[in-house]
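The next part holds the structures, each set out as structure tokens.
Two complexes are shown next, each including chain A; its partner changes from chain B in the first to chain C in the second.
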Partner chain A sequence: MTPDRPAWRHRLAERGIDRQLLLLLPALLAVLLLFIYPFGYGLGLSFQPDHGGVLGAYRDFFTDAYQRDTIGTTLRLSLPAALLNVMASVPIAYRMRGRFRGKRTLTIVLVVPITLGTVLTAEGLLNFLGPTGWFNRTLMAAGLTDTPLRLTNNYWGVFLSLVITGFPFAFLLILSYLSGIDPTLERAAATLGAGWWPRFHRITLPLLAPGLATTFCLTFVLAFSVFPSAVLVGDPAGATRVISIAAYHAAYETYDYPLASAIAVVMGAVELAVVAAVLGLRSLFYTGSTGGKG
Partner chain B sequence: MTAISVARPRTRRRLAASPGAWLVWGAVTFFFVMLAGVIGSVVVSSFGSHWFDTWLPQGWTTQWYRQAWQEFTLFDVLVVTVEVSLLVVGISVLVGVPASYVLARRSFPGRRLLYLLFLLPILMPPITYGIPLATVLYKYGFAGNMSGVVMANLVPSVPFVILTMTPFIEQVDPAIERAARMCGARTWQVFLRILAPLLIPGILAASILVLVRTVGMFELTFLTAGPDSQTLVVALYYTMSAAGIRAQQSIDAMAVVYTSMMLILLVVALRFVNPTQLVARVKEEPE
Partner chain C sequence: MTAFRQLRLDGVTRRFGDRAALSGLSLTIDRGEFIALLGPSGCGKSTALNCLAGLLPLSAGGIWQDDQRLDTLPPERRGFGMVFQSYALFPHLSVRRNVAFGLQMRRLPRADVRRRTDEAIRLVRLEEHATKLPAQLSGGQQQRVAIARAVVLEPSLVLMDEPLSNLDAKLRLEMRTEIRRLHQSLGLTTVYVTHDQEEALSMADRLVVLREGRVQQVGTPEELHTRPANRHVADFMGYRNLLPLRVTGTHGGLVAVEGPGLTLRGTPAVPLSAGDRVVAAIRPEDLRPGDDGVPVTVEVVEYQGREVAVEARTDQGVPVHVRAVDRPAPGDKITVRADPARVLVFPEEAS
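After this line comes the complex of A and B, so read on.
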């Protein structure tokens, strides 16, 4: 122990504060090199098409109705699916937020579809909902319909696949947000004579609103990027030609990278616009502690 | 099995449940029936010899599994899947945990901006950045082999580790680290001897979640993989979209292998993570 050791160590500790920030560097590099740089590269590429000047690729996309309509197709699929997933999750999670036997089993069963992934869900839906599948068989055996319902290779197949993969995700998030709300708040309201609807509407719902917005955004992102199921259970040339299919076609089948990048940029912009709109709406509501977060 | 687990809680409530309760449980039951149908029909089909216009297949066989094993080179695909996932998990934990530590503990100018930067890859659909990323990776010769697949999968995984680790790091009392520093530990010693053992549950949780995500990640792997670097889910997609060439049951057998793999991962994951506590730490009520 030399006398100047503490000073050296002290200086090191003070420098260590600066050095500690270096721990961020690998993650920052990874995101910059693998996310920001390619994104910028794609953005640059989208402004350098073979023809039509700087905005040629975007003009190609927006003037071709076959391409332009993919935005509408994607939104028509993903917005209702995300909305249904969130809307259905709220009452179910509200009823299940307490403790009861079998809750763990229930959550495990609910996580299963998340891990199935869209490809397996598509395969299952083709088998189950197909013209000779169990679902149509049951309907026909019960006499509800004479001809098999056409539920695959169209809009409904993709929609159902989005619900099956998206609902458990939305449910778990909302259940988690609901469990984070202090239950004593509601009990206080009950003591003051509030029925279940005022309790839910005036206390739980405002506290849940930020969580609802986040859940909607995450579910929407999942649904918006639908790709495998739109090809496999959908009608990839017509009713479910979503924007990711258009981007994939441009990149890997016509090898028009500027157009593909332009479509990817449009896709990101539309998605971020919806997310920003939802988060903007959310900021109009109460923001603050929900009482239960530790 | 699912119907029982649904029905059980109801019996603990009042027997004459309100219409709302019936509606909610009805919806849940319907969802589970659909889910069981979707999974069950794949499993049944994979064991059936012929299955056309009937309720159940005419005979039972395991030949589709043999065929999937031989024709799809399932073993090689599984090896690639395991290698890619382990590499992605290892790298993203090594890169993500230190960054998460700094973001959770320190405040410095630009912290919010950095948070947003790490949040973006999770918020964007994989296809939007996957296509430019694949273009760049092809340009530098990384795509088409395993390094490209691993690099592409790191994009959502590193931010995911950072976000998952934050609550775990916040739980560690900073006083312990200060005490270690008072006793003369360097930063790396604090990390290896103090933080790492305390963070093991969090690191395990994050690794398993990243593992599940990587095994299930379709878009990024699909865009960057070459013929020798396909993971199971991409191989499954290719065999499905080339339908007609392969027997349907053979694809189903492959899908069942994929599902069982995911289920094993899931059961392991749920030993470490409580899915209802992903967002908020829940105060468990003693009731």
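After this line comes the complex of A and C, so read on.
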């Protein structure tokens, strides 16, 4: 090597190669082995059913209404739950974007359900909202209703469970998106004569919209793969027979791995479709800098 | 436009916890005036501006526009225009829609909004950029959008919070003239916050110098430049030499002051008598090399075009800032002197 030839590392850097990125290799290998390979394996398996040719498993799934309807059942749970989580988070995060006494405590209270886990939440729901739970006993004692409201072991039980576990995620994400918006913008809008509502819907909301879309996608994906709460506080044979239950049945009760794989692939496809639709909408909004330090 | 005769600040005070960021600011602003609030960072000048805009509630005092009390109104009902240090342009709206925002908030007819928006954009010469987003503009252009957005409403008062501090030196000079030109041609009343004394002196009709939340002096640029009220204002007005000395005697209107290794004569700001501890304030340009003065040793020489700025030390180690025409070399021994009329002597405050 001649002395005035730039160093090897320097020449690599000029071509945009950073040798230190090679340190990622072990992690990439792990991802390849633990995610890409099983995924490819499952995808392959879904095209090798016992009967009906390459698409047999998919045909079984889509021609059987009992199986096919799980898509609708799951969407009916996860879309409203994700929407509610996002919509409930916006006003709360909006009020909490500034500094105030007790902010940390309030944030902890709002976020604590993340740490509870689905089973504990389900148990709590059964105790609180069940036919003999506090909620119904209070209602009946107050004379508001004669028969207990049925809020568990049906659609509402699962829905509430999804809201309790999904809200903290949505809230934390939206709070951080909101604090990424320069607060001076709203002050500027105020000096230009805008009251709180125009300030919110003409300045803050458009700047927050991309964040809302992302948050919706994440909470939706979490809710779409609901499984434990659909069994514990739902009606797993009927109203809350979600798609992951169908996959579980196929795999571990009828041992039809190709069908289970096909259901898993359908699950992924539906999620992708919803996410793609939402991100498509997102691209209609301004997605550049929002001036803050977020 | 709500035409008013006077805007009156009456003991405006703002406390943050126990600390008073602004205490007892009283000031009467006449219509058409250009007022600069001047002071180092943390002096309360931005607090004062935010109180005026309604973005900070007052802890005490009041703001009156003629007979109408303003400090109880929210910012959106005061009708003031404000230019922020960071410009605070709405990043998702084009230049045109940024400028039109305030007009739309007033629910003006669409044709009026359009006409006045066009006018304001023309005023700041951004016609070609009207459809761009703020991020596509340079700093100076963003600044002009911010100004157009504030003045398009023909506000009774325009508030500017260090609007030039994010621009480079050349652009800053241009925008300075631009802002003053707009102020004059639109007949605006302006309150301008800055920490740059040169900016304040060159633009404002009157200056308000603040320090630690208190008004130090209010006056025209000439008054502040030639007769600062105390050593802090002097410090801020470019009197870089602040020498702690002691009065040895009075001679007519002048006082003789003495310190380690130097003797001077100066003009007292307040009556002083022998033995008083004082601070003598001298601008570098008033301290010149000359015969029969204070002997000093040159340490650092900076080229500044017509002249050189020299930092030197007396034999006792007191640093002094001097201007010279000839360029001395570091280590040279020279003597410096000042016209007693240009040496201001302030009593030393107990701090």
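Going forward, the second predicted complex is superposed on the first by the 273 of 294 C-alpha atoms of A that agree within 3 Å, B and C clash if a C-alpha of one lies under 4 Å from a C-alpha of the other, contacts with A are read in each partner's own complex, and residues count from 1 in each chain.
By definition in this document, a residue touches a chain if its C-beta (ideal position, glycine included) is under 8 Å from a C-beta of that chain, and two chains touch if they have at least 3 such contacts.
Please read these numbers as outputs of a predicted model, since none were measured by experiment.
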Clash or fit (per the criteria above) of chain B with chain C on chain A: fit
Touched partner set for A:R187, first chain B, second chain C, both or neither: second
Winner by number of chain A residues touched, once chain B and chain C are compared: B
Partner chain in contact with A:L116 - chain B first, chain C second, else both or neither: first
First (chain B), second (chain C), both or neither touched by A:P198: second
Partner chain(s) touched by A:P228 [first = chain B, second = chain C, both, neither]: first
Minimal inter-chain CA distance - chain C and chain B, angstrom: 7
Shared chain A contacts, counted only where both chain B and chain C touch the same residue: 182, 290
Interface residues, chain B side, partner chain A - complex: 2, 5-6, 8-9, 12, 20-21, 23-24, 27-28, 31-32, 34-35, 37-42, 45, 52-53, 55, 94-96, 98-99, 101-103, 106, 108, 114, 117-118, 120-121, 123-129, 131-137, 151-152, 154-155, 158-159, 162, 181, 184, 187, 212, 216, 218-219, 233, 236-237, 240-241, 251-252, 255, 258-259, 262-263, 265-267, 270, 275-285, 287
For the chain A and chain C complex, residues of the former touching the latter: 182, 184-185, 187-195, 198, 202-203, 206-207, 285-286, 288-291
Residues of chain A touching chain B in the complex: 9, 13, 16, 19-21, 23-24, 26-28, 30-31, 34-39, 41-43, 45, 88, 91-92, 95-96, 98-103, 105-109, 111-113, 115-125, 127-128, 132-135, 137, 160, 164, 167, 172-173, 175-177, 179-180, 182-183, 211, 217, 221, 224-225, 227-228, 231-232, 244, 247-248, 251, 257, 260-261, 264-265, 267-268, 271-272, 275, 290, 292-294
Interface residues, chain C side, partner chain A - complex: 53-55, 74-82, 84, 86, 88-92, 101-102, 105-106, 133, 135, 149-150, 153, 159
